[in-house]
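Heads up, there are several structures right after this.
What follows is a pair of complexes built around chain A, which joins chain B in one and chain C in the other.
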Partner chain A sequence: MKGKEQSKRFEIRLAGEGGQGMILAGVILAEAAAIYEGKYVVQTQSYGPEARGGASKAEVVISDEPIDYPEVLSADVLVAMSQEACDRYASNLKKEGLLIVDVDKVKRVPLTTAVKIPITRAAIEASGKAITANVVALGVLVGLIGVVSREAIEKAILARAPKGSEEMNCKALARGFAEAEALLAVKQKAQKGLAIGTWDTG
Partner chain B sequence: MKGKEQSKRFEIRLAGEGGQGMILAGVILAEAAAIYEGKYVVQTQSYGPEARGGASKAEVVISDEPIDYPEVLSADVLVAMSQEACDRYASNLKKEGLLIVDVDKVKRVPLTTAVKIPITRAAIEASGKAITANVVALGVLVGLIGVVSREAIEKAILARAPKGSEEMNCKALARGFAEAEALLAVKQKAQKGLAIGTWDTG
Partner chain C sequence: MVVRLMQGNEAVGWGAIAAGCRFYAGYPITPSTEIAEMLARELPKLGGIFIQMEDEIASLAACIGASVGGMKAMTATSGPGFSLMQEHIGYAAMAEIPCVIVNVQRLGPSTGQPTSPSQGDIMQARWGTHGDHPIIVLYPTSVPEAFDLTVTAFNMAEKYRTPVILLMDEVVAHMRERFETPPSEAIRVIDRMGTSVPPEWYKPFGDTVGDVPPMPSFGSGYRYHITGLYHDLMGYPTQRLDEINPWIERVHRKISAHLEDILLYREENTEDAKVVIVAYGITARSARHAMKIARQHRHRVGLVTLYTIWPFPEEVILRVGRTARRVVVPEMNLGQLALEVERVVGRHKVVRVNRADGTMIAPQMILDAIEGR
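Showing the complex of A and B:
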């Protein structure tokens, strides 16, 4: 029973500093999964004494069945937008979990398999605004793990985008997906190279 | 132990339809309590099959100590911005709990003691925009129960207000507080009237 539930339950944690839009990203991801994909979702912010220090964290639990425990137990994915967030939450990732970091903000990464992307820089390049970093992060996350469809996340973002910011957010999302696709392409190439023995890791 | 925890735990549910800003109101109230008042706070959205129907609900649990269970067990306050929200959640209020409804949206109110305010109409009157109804609701709620200070809720609103919407949101908040003050004044008058035996309920 426990095993069955675990396999249907998917846990995502988005963490960074206040002003990086992690909570809004959590709300948007939850709405994509619930409203546009018909999943059961619980989305949570827990604040303790660290809230005054500016730390910010959103959790999203997605399931095909009703969710009995609303908070993340052991994350399948962690998006860390600050060193502090990475230090605090990386150890809670599942063994096979995915760590995505903004490589310009997180210099010490505890896992060799982490996905390192200059998320905020990509946001500025794609949309002209650092505040779309949360949308780039959603593009990377959804592009890599497909927990919701691209259509669902796009609809959810547009439903929450302030008037006039739709185009900027679409550009940021597209950039996030492009970053994910580039990574997956490299991975595929690497696997192919390894298979035929010609891949050069240098 | 249980009794002690219960007394320190305050549970608020904000419910309505999608687009009324209940989730953002929950996030803002949580941030007011956590960031500006130093409380422990958990803020949650739970979505089931009703999410596709447009129902929207945010929960905020505020405590002086770490929160063991993150979701509302039995609400101290319910703000209902739609008939469906009122029908669904009013029965979960604590016996001495406070029900606040948008009286233009909620025609059948199950409690005689409910606070009935034309919240959306007041938002339009105060700020010109119905989308500030959530901020009016926060003003009413904080004005009546003082779960956070006026300064804290104002700071939290301004930190989340899109650029250019600050004045509009301040007007909406002030209107919410004015509605609460008017209600409290009537109550005081009523009590005074009852005390000296001259209050006319007609």
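Showing the complex of A and C:
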């Protein structure tokens, strides 16, 4: 049995290594949707017993209705920041799902339609710090699919950013938006008429 | 009203504060640690006390002492610490001392899987300490319910002079959901009954209306004896059968005579249901997801979500079990509360859905059981 309910849910999975800020990215995305857009949201996570390293994963389910099952059933979006994360979760994507990878960390990509962006490198270029890679990833994600508004994600990031790091995070977010726009522009030019939902950047 | 994204563990901490808890003693352990972290930060601001103890045995002992001194007290732990607390859970039941014990379960036995969810402590919460004793065990399915049921846990502990256990799933403890802080006037808080009789007339374990004797605080002029031995009305050890029997009858009656107040559950679509799912904790949300899909396909499926798992709500299960052809019991263990459901509705009607590998039960597993696959 398949349910109609699944179509009302939007499921996002952010996965990488412990220390990359994937869980924080999930929390920020969930706050953007819950606090600034009034949606129903459940954010869950899993991580290993280690403080750093090991596999780390955040899941965000967003809906206009109360959410029963709290975890991702099959993801609409996967952001993979490590090869292990990509290997483990890519097969769980929906058929029309979007895969975003940090191309410097993920060498084997199982989908030709994946969006490949040097996320960590872009973070260093934009803000001088690799730790803003999670914010760049959020910028790419929101820029591409608009699951929450740009204003909402920016407010959520600034509400979480430690004092003094606001500018750095804004730069990282802007870079993420820019990467998404560049990609959409290329796509529009090259593939006019193709259905939205295919993300061939190859 | 302030809208926030809140973690389940955090909601337990805020619920405790809203209920009037001003004493926490504990030993941090995954996946319950955020409760200790937030209360260590917030309790001192309110003039409350936070103590990190040397272990879980001492943690509950400190809570019992604080409660006798008149404070509302809580501790939080996970499986390994919950095992250590069993001795004092029995002591609190015997001495009738209100306290709240939170157990955020993790995959066991032993140190098991600290970061993985499990519902393996269902029977331990009921029978972990030795001897016949009454106990109340509550079980939230969401972040807002973690807040509400923590308040309820304190209210029941104070009202019935009993330890109350709040069982939680790791998923609920760590998940974040939208939370609207209720205004304080909307929160019903119950305080324990004091007494106005002169200290020399006070009988700490005397028979009273409602079977719950009033409990003045130590240090307020009332002196009495507290022991884990069977005791008489004044609290002194006794071996007299005419004192032991009335005591054990009363402490069980004070719970069993108030089931209407104590048993919390939610029924959905049970009126016409041919298949009823009985679930608790995070598994109830998998079950609701499955029920909705099944009903879209015209299967007459109902759901009973249990928020109070002990005492076991026999009458409710008996009633829904009478009309249902099948009762599905999904649990993240190898079948614990299913034993109770089977006892009430009969083994032939019950379909167990079990998983004890640190992974949630997906709706599809429950759908398969509904369809008899």
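Worth a mention:
We adopt the following convention: the second predicted complex is superposed on the first by the 180 of 202 C-alpha atoms of A that agree within 3 Å, B and C clash if a C-alpha of one lies under 4 Å from a C-alpha of the other, contacts with A are read in each partner's own complex, and residues count from 1 in each chain.
Here is the rule we use: a residue touches a chain if its C-beta (ideal position, glycine included) is under 8 Å from a C-beta of that chain, and two chains touch if they have at least 3 such contacts.
Fair warning: this is a prediction, and the values are worked out from it, not measured in the lab.
After overlaying the two complexes on the shared chain, residue contacts for A:Asp68 are found with chain C alone; chain B is out of touch. Residue contacts after overlaying the shared chain place A:Lys107 against neither chain B nor chain C.
In the superposition on chain A, contact of A:Lys95 is made with neither chain B nor chain C.
Of the two partner chains, chain B and chain C are each touched by A:Ala34.
When the two complexes are overlaid on their common chain A, residue A:Val42 makes contact with chain B and with chain C alike. In the superposition on chain A, A:Pro162 contacts chain B only, with no contact to chain C. Touched by chain B in one complex and by chain C in the other are residues 27, 30-31, 34-35, 38, 40-49, 70-71 of chain A. Remark: chain C residues 3-5, 30, 114-115, 171, 174-178, 282, 285-286, 288-289, 292-294, 296-297, 360, 362-363, 367, 371 touch chain A in the complex. The touching residues of chain A, counted against chain C in their complex, run 1-5, 27, 30-31, 34-35, 38, 40-49, 68-71, 73. Contacts from chain B toward chain A in the complex involve residues 18, 23, 27, 30-31, 33-35, 38-49, 51-52, 66-67, 70-71, 162.
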